[in-house]
Each structure stands twice: as structure tokens, then as C-alpha cells.
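Each in C-alpha cells, the structures are laid out below.
Look for chain A in each of the two complexes below; its partner is chain B in the first and chain C in the second.
Take a look at the complex of A and B:
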């Protein structure tokens, strides 16, 4: 490389080489080629995440491929989850070995992932915006500073701890005191009748959605708070001076000013909710084979299934169960990418009226 | 309501407007008066002992060096200072003879009656048309199709209609600074204020836009009472009927603009209007 060629000259130019230590020689070499070194390391650094992503995706595809060949398109629509017999003779479909009687469908997992994540966002978004408002506009600094810190700490609580709290405290509490109340008072009309019926023991769809919502509130709230702090005071004062209420200023000025940022924060939270594993595995009931019959029903998600089924899948000598889990993981990755793309489209559509963040006017 | 044609609606709106703007004989000549007004932030006195009366339909210029308290005075009239926790006031400001801090005074209504234009244009992040009618919507002055009429009327009033009529749905942030400020003026006028407070409204504008704002100020009186803070002494001279000179937290002198600029009574006024003090 030209890097080396350039070195020799520069080093001689620097001075007597013989007396310098190896460390100093390397230092001199780096300094004399600072520009080259910088550019080279920057390029490497830029490629690493890309290469990592490509590596993970290709391994995932490779692992999932046998399952894709056997399960076919019906993997997306079927609800079955039958590992098959570990004692019978191995059978072959499309050249792939798998246990006899094995049959897999990911529809309940996909539906569960989307359902829990949507519930989480529906709950977390208004709470987060409210929190961000309270922190930036309502509360005096001596309260908002520590409270903001507290919100950020909430983001750092391990999900297994939140899951434990969800399954031991929140779930039973809701199942005893809250869910029956909702179920008995919601009218029996389409859509809302999903809120009726047996309320279970606190492990299920709504509990999972609530726990996920709680987990993504800090993500959305702290980002939204930072965004609100960047809204210049002048447009807000303009609203006040026009006789708008605080709520109107919020709805018409502050939130639209940073709308695309809030959408971005929401997608960040949604991404977390889609991929959250252990907390959901703990509070969802981890029941395979069916979509939650009502909002309190037990269910599972793609991520929770992968973690809860991996042990038993490893006992499948043909490797087909593991391959199926890889296929489920692939679907989860596709959903995440799709959500991000959709968010970008929404941001592009809605941002033509909002001002650039940090705009000084 | 839908059958009403826009011209009928426009006629009615203008009628309402005229009846509202018609100077009522029963109302005091002084739309705003201050009595022994002392203003302070966190115990630090900003302005003391201001007794002043603003005659309906006139333009009053507030001049004085930076930090003289004139902007604080202006922002007190529509109670913009009230949200600053350390802000304290003594004495009183009266709008049509009633204290602006009185218990029967609704803050939102006060701000509808006393509009404000700021140092720099501050459009809302919504379409040009929605900007104009934002206040009208909030105060429920008009709705539905009437809003389009309001938008057109007000944009014509500030001379912006021809420039924006084909892009009413566009972002206001693509307009020039001068156009944005005119848009904000249209927005302030749309709610039918009685008093308009202008806080250095042209300090961020080019000379041409400045001129159109000044012409509008003249055109808006005597229907409106205008109080304008300005560092531009030429502007104070050109547009105002009365001038108030603030210096070091006091209202040093006030009177007819010609008198303040040509025969000031106080030495500090003389030095300031003649450019010997900044």
C-alpha cells in the first residue's frame, strides 16, 4: 500500500531513527500519515456494522432455509406448533430431514408480536408526550430535573426485572381488580367485544402490552422531552399572545414542530416492543398454537417463542426445530425493517409543514 | 349553513367587524391606562412609576436604550410576563377602565383583544391558511367555509394575498422573512383585536418589508390602537402620534412625537433622539 511507501521518507525526515523506541517510531509513522490512517480507520469503522448485519442476516437465512423449504408459505398463516415424534423414523420433505408429524405455523406469533407492540405504543405514546410536557413546560426545574433523571433510569431497568414484577404483581392485580371491570362493562359490539369474555389470571395479551408499554415509555418520553426543549420559545409565545390555551399551543405548535422526531422516537419504542423477549415470555402465558381469543387471553410472540422453545428445539436431532425458530427470527427481522421503512414514509409525508428541529425563529 | 355563499358570509363578517370596531361613545377615550405601575423580576426593579394613558386609535412609540424597560412594559399589557415566576407588578394596567388582572378578566379574551407581533416572525408549523385562522378557530369566531373567507380577507388586508393565494396549503417557512411577518400580522388581526402591541416588529426585516409594515400600521389606525417598541428612531418619527422615552427603568418623558423629537424637555431625551446615547 502507498501508506508504507510514504512512511520511510517521512520517518527519515523526522530525524534519527536508531535512537527512537519502537513505540515512538510507530507514533511517528501514524503522525506522518495521519490523514491516511484516519481515512482508513474511518472506512473500517463504517463497514463493521454493515458487515455485521450482512453476516447475521446471511447466517439467519442459511439456518432458516431448510424450514422455509418444508414449512412453505403456510408458515405465515398456520397456527400449528407440533415438533413431531422424536422416536419415529426421520422423514424427508423437499430433501429436508425432519421428525415425523412435525408441523409449524407462525401466525399466532406474528399476530401476538403485532398486537402486543400496538397496545404498547397506544399506551406509551400519550403517556410519554404527557410526561415530556410535564417535564419541560409544567414542573419547576427542581422537580423536573430529578424526575427526568428518574425516567431515564427507568429505561435502564433490566427487562427480566420488569417481567418478574409483571408476572408477580401487575398481572394478578389487574386480573383481580381491573380486567373484570372492563370485561363486564364493555358493550358487545364488533371490535369492542374483544375486551369481553374470560379475564384469566393476569398472564396474556393485555398484560404483555401494558408491560411493554411501560418499558418503552422512558425511550419515547426522554426523546420527546429533548425534542420539546428544542422548540424555540417564539412560536409558542405567539400562540399564547394570540389567546390560545396551553393545550392548543401544545397541539398546534409544540407537537407539530417536532412531529417527525416524535414519530422517530415512537418507532424506536416500537422496535424495542417488537423485539422484547424475556419480559413478554414471562407475562404472556407463553401459550403456543392460538391467537389470543380476547384481549386478556394467553398468547406468545415471535421473540418470546424463540427464547422459550430453543431448549426443546435443540433436542430435535434433525435440527429442523431450530431451523424453524431461525425462520421465525427472520420474520421478526423483516417486520422490524418494514416498520422502520413505513415510519420513514410517514415522516416524509408529514414533515412538509413542520419546521426543522432547532430552527432559530 | 352550507348554502350561504362566500360573498354573503364575507358581508356578514365585515358587518360584524365594523360594528365591533365602531368606537363606542360610552367607552373611555383612553383604551389603556397605567397607574403607578412598578415592574420587577426577582426583586430587581425594571420599571417604576409609570402613569400613562393610550388614546384610542393612536400609534404610540416606545423608545429608549436596551434595558430601559420598554419591552417589559409592552409585555405587561397582554400579561405575557405573568408566566415568569419571578415577575411582580405593583399599580395597575386598565383596559377600557377595567384592570387587566381583575377577577372578571379572562386571560384568553384579554389576549384576543390585545394582540401582539414579535421581533421576529413566528409562524406556526401549519399551512399558511391555517396560520391566519389559528386564533379565529381557537376563539370560535368562525368555522368551516367561513375560515377561508377570513383567511382571504386578512391576507388581502396585509397585502399578502396575491403572493400566497396559490399556495395557501404550503408551509409558511418557505416565505421570505418579510412575508412571514405579514402573515403573523394577518394572524393577529384575524381575531379582531382592539389594541396591537408590536415588539420591534421590523428589526429583522429588510427596508421594503419594513416600509410595508409601517404603511399597514398607519392604515390600521384609527380602527386599532397600536403600541410599538422600536429602536429605529426614524420609524418612531414616521409612524407614531405619541412617543414615550424610557431610560434606566423610568418613563422619562412622553408627549406628541414631534415634540419629543424636536423640543424634548429632558436632557437624556435630547441626547437619545439625537443619537448621542445608544
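Take a look at the complex of A and C:
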């Protein structure tokens, strides 16, 4: 009976459509092939990120190639940042035109990027684990839920607003009250003497690291909190039954249980810190040409240099300055892609827990 | 293991360590929540005493005036990202959740596409902005304008939307699908009427978060959208467009007080916009969770 009904319906459905508008015919066609439409459009959409990534990387490589030919390997080790004279006759090196006296080195930028990111992770990781522990194990739900939401919101605050706070409020305050205290009391021994010396005005390496740390804490903390909540209660109760304290349960049961997830979230946070631009451009001092002499010193990163130098680079008639920025951008892209892929590999290899990693909610 | 020891001294040491650990955890919570509240309060305190409502209705004059052009510009940019990145991201998420399953030979290509999406989500935004400037604004002669800004921002947030869509679809209960299949629905019809419908709250949440990211971005916009004090126009290319983050970024270190007020006002408006988006997404999550629990 149902077969007969189906046939009758399809006959009456086809009848009027033949005589109606193109729109309805297309609609009917789409409906009758709905699965193919979904499949085809979804696959097309899924290819776009790959295509975009390939496009971005090929534009970068093409644009950076002249700079690679002129700057050579010393680009990675040199500290110079000389745009050269715009008035002299154009010079050619290896067939690439550039202004006379131009000389570029990205070592201070690379060092600054790595230094600020490492400071950020060193600060953010313990604080995130502590925060996740406090939210999941110590506090009652009525207070840990709103606080957890607050931590998640922190991840959404625009970086330019965090930078504004960092440069106007946090930096000056630290430079006035905190940095001198540290600088005057740290012993003059090999590693710690990096904390001695002039403390500046609050724009520099340590301030950038602190601001970046604040920016990546929500990423690591909210992921770690979600991971802690996924740990089944039985192993933890087993630990308690053996007489372990809360700290020992965290140390021997909870954290090992989700270790790979925490590593993954941390490396993702590291990737965010490496690529962060505006906040660092505001609080680093944006000083080119030297690595920070001590931990309070002004400096800059690859990302901050691109955003602050592209304007003036565009005035270089030979286009060599813009090409050099592409080379710097390529280095940054390679570093952050490497870090991201490493994070995925670590998470995939060591984890069978399908833990959500990243800025999910 | 030597953790459990009858020695009294060890017990005392463990008690001290436990106390230190607990206070360290509480202290780290304070170190996260404290600065965050300080930051929000600071922006409010700097902006509110000089607040005039005509900021919302007058256009900017660079370092003074209102922010109407920037507010509308940011909204236009967010709307454009909603259209472009929303479509691509949701479809890509459907692909990863439904169609790129290990069955068929699609596994390898699924892995490549997924890896590309994940790499893109960690890609430095300024490098995307640089490529947008070189390839679209200069290379295609579009100039500083809306379209390159939208394309670059969309490329940036598509991974977030795809990921949110994928995990929302994966959370649809299996018995919904089984019920639909038992009723004889075709796979396409089931995807539209059953799977997407139940995954909708999660998808909307992901899109809202992506919009808040797009609205709060500065670096990729500076060299793609340009800047103008005029209201947004209807043209996609050749016309620069204003946006809020630009005024925060350029006016805070200008010499005049008016410029500082523009910067603080823009920061406050940005904060409010982002908070509205994030709180809305949170409310959606909370409501659907309650709904789901009620169903059970």
C-alpha cells in the first residue's frame, strides 16, 4: 500500500513542477539530490582552509624570495635594521634591487618572540593548573561556575584592550613599585643577573611576557579545567582511600591522567603567544636593533615589527623592505606552524581521551 | 611506593605541602581573576567620567569627535564575517563531522584537510594581514577596503566555526539518527531536519565566539581595511572602512586628552560588544543544557 501511495504522490508532484518556474524546478532538483548537494558543498567548504593556507604560504614565499637572496643566512643572526638611503642610486645584489646601505637582521625579533612567549608560558602554566584545581576541586559550584565563565570571557577580551591596560596601567605600576624591588635584591650571579640593572618605564620584555601570560592563561586554564572534570572519580577516590592528600592526588592521579591534554593546550597557548601582535606592539617598547639587555629592557617581536614597520617599509621604492618583512613573517609562520603541529602530534600520540583542545566553549 | 610512610615527620611535611598547594591554587585563581577584573574596571573608570552619548551619533575626526563610523564599520565587518566565515565554517564542520568519517577512502584527505584547518587556527594573524595587503590590496588593486578585510578575517575564524560545528554535530545523540533512519529519511533530509537542528545551539555559540574574535581584531585589519572617518559605504572595494580597534590602537598615545578619550571610549564600546556576544553564547549553552536534562 505504501508503495502505491508513494508512486501516486511522486506522479502528482512531478506533474505541476514541469509547468512551473525554473526556481521551483531547481528547488525540486536540490531536494531530490539533497545528500549530494550537502556532500559537494561541505567538501568544497572544507577545502577552503587548505587552499587559503596554500595561498598565504605561496604569497609569503614569493614575496620573501628576493630578501632571502640578498640577506642570506646572516638574516637569522644579524641584529642590524638599516633601511638604507632613499636618495642614493639603487644597488643590485644577486640581481635584486635594494637601497644603498640597507642591511637587515632578524635575530633580535626572533629572540624577542621566543623570550616573551617562554616567559608567558612559564607564568601561565602553573597559574592555569592552580586555577583549574581551585575551580574543580576546592570551590563550591555556585562560585566556581561564574568564575570559570569569567576566565573564559577573559579569552575573548580584544588584545588591543589588554594592550591598552598593559601600557597605561600595569607597565608603569610595575616599573615604579615592583621592578626596582626585584632588581635591587636579586644576587649578582650568572643567571639571575639578567634581573638586575635599569628597570625602564614599564615597556619591555618582562611586561610583554606578563601581558602575554595573562592572554594565554584562559586558553590553558579553561581546557585544563574541562580535562580535570573528565577524570573519573574512582581513581581519585582510590588515591584518597590510600591516604593521599589532595595535593598528592593531583600530583599522582589527576595531572598524569590528562597530561597530554595539558601539554597540547600549553603548546596552543604558546602558539598564540608567538603570533600575538597588537598587545606586544603596545607594551614591548617596539625598539628595533637589539636584544633586550636585561629582563626589563625594551625589545620587539617579529609580529610587532611587521605591524609597526609595514607602513614605512612601503615607502621603499625598490620594495626590498616589504620583501624583508615577508621573510620575517615566513620565519614566524614556520615557527608557529611547527609548534602547532608538534602540539597535535603530542596530543594524538599520547592521548586516547578525546579532549577538546583550544578555544572551545 | 614510598608516599605512605608511618613516620610522623613525613606526615607533618605532607600536611605543610598540602596547605602550600591549596593556597597556591587559590592564589593562582586570584592572579587570573584579579587582573581581569582590574582591566575591565580600568577601562570603565577611564572612559565613563568623560562619556558623552553623542559619541554614538557623530563621526570621528581622527583624534577627536565621535565613533559612529567605527561602530558601524565594526558591525559591518562582523556581519560580513558572519556571512562568509559562517557559511564556509559550518559547511566545513559538517564535512569533518559527517562526511569525512574513516569509512570510504576519504580518511587520508580528511586528515589533510583537518590538519590544514588546525594549522590555520594557530596561524599568526598579522601574517594573514600582511598577505591580504600584498596580494589583495596591492596585487589585485582593491586598495584598503572591506572585501580584503572580510576575506582575511574569515580565513582566520573559519577554523573556530568549523571546530564548534563539528563538536556540536558529534554531540547529537545516536538514537536521534537511528530514529530518523528507522523512519526512512534520506541521509540529506536527516542531516537538515534532525542533525543540524539539534546541533544548532552549539553552532550558534561557535559563530558568536568567532564574531567576537573578528570584532576585536586589530592587526589583520590595519593593512587591509585601512581607515576612514566616513561612514561605511556600499562598496566592497576601493573604499576604506573604519573600525573600533583602530582608534584604541592609534589614539592612546596621541598628545591631546580628546584623543585619549576617543581611545578609552572605543575600548569600552568594544568591551561591551564582545561581552554581549559572549554572554549571549553562554546563555544559549546554559538553556540548551537545561533543555537536554529536562528531556532525559
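Here is the rule we go by: the second predicted complex is superposed on the first by the 318 of 361 C-alpha atoms of A that agree within 3 Å, B and C clash if a C-alpha of one lies under 4 Å from a C-alpha of the other, contacts with A are read in each partner's own complex, and residues count from 1 in each chain.
Keep in mind that, in the parts below, a contact is a pair of C-beta atoms (placed from the backbone, for glycine too) under 8 Å apart; a residue touches a chain by one contact, two chains touch by 3 or more.
What you see is a predicted model, and the numbers here were worked out from it, not measured in a lab.
Asker: Of the two partner chains, chain B (first) and chain C (second), which one does A:237 touch, if any: first, second, both, or neither?
Answerer: In the superposition, A:237 contacts chain B only.
Asker: A:245 contacts which: chain B (first), chain C (second), both, neither?
Answerer: So A:245 meets both chain B and chain C here.
Asker: When both complexes are superposed, which of chain B and chain C contacts more residues belonging to chain A?
Answerer: Larger number of chain A residues touched: C.
Asker: Once the structures are superposed on A, label A:122 by its partner contacts, choosing first (chain B), second (chain C), both or neither.
Answerer: Neither chain B nor chain C is touched by A:122.
Asker: Is A:275 contacted by the first partner chain B, the second partner chain C, both or neither?
Answerer: A:275 contacts chain C only, not chain B.
Asker: Go through the superposed model and pick first if A:345 touches only chain B, second if only chain C, both, or neither.
Answerer: Neither: A:345 stays clear of chain B and chain C.
Asker: Applying the document's definition of touch, where does A:143 land relative to chain B and chain C: first, second, both, or neither?
Answerer: It touches nothing on chain B or chain C.
Asker: Tell me which partner A:257 touches in the superposition: chain B (first), chain C (second), both or neither.
Answerer: The answer is first: A:257 touches chain B but not chain C.
Asker: Between chain B and chain C, which residues of chain A are contacted by each of them?
Answerer: 242-245, 248, 252, 359, 361
Asker: Give the list of chain B residues in touch with chain A in this complex.
Answerer: 78, 80, 83, 85, 107-112, 115-116, 118, 120-127, 134-135, 138-139, 171, 173, 184, 187-188, 191
Asker: Under the touch definition given earlier, write down the residues of chain C that touch chain A in their complex.
Answerer: Within the complex, chain C contacts chain A at residues 3-4, 14-15, 17-18, 20-22, 24-29, 31-33, 35-40, 42-43, 46, 87-92, 94-96, 98-100, 112-113, 115-131, 133-135, 155, 158-160, 162-164, 167, 186-189, 191-192, 205-206, 209, 212-213, 215-219, 222-223, 245, 248-249, 252-253, 263-264, 267, 270-271, 274-275, 277-278, 281-282, 285.
Asker: Within the complex, which stretch of chain A touches chain B?
Answerer: Residues of chain A touching chain B: 140, 234-235, 237-245, 248, 252-253, 256-257, 259, 352-355, 359, 361.
Asker: Please output the residues of chain A touching chain C within their complex, sorted ascending.
Answerer: Within the complex, chain A contacts chain C at residues 33-39, 41-50, 52-53, 55-56, 59-60, 63, 126-131, 133-135, 137-138, 147, 149-154, 156-165, 167-170, 214, 217-218, 221, 242-248, 250, 252, 268, 271-272, 274-275, 277-278, 282, 303, 306-307, 310, 322, 325-326, 329, 332-333, 336-337, 339-341, 344, 356, 358-361.
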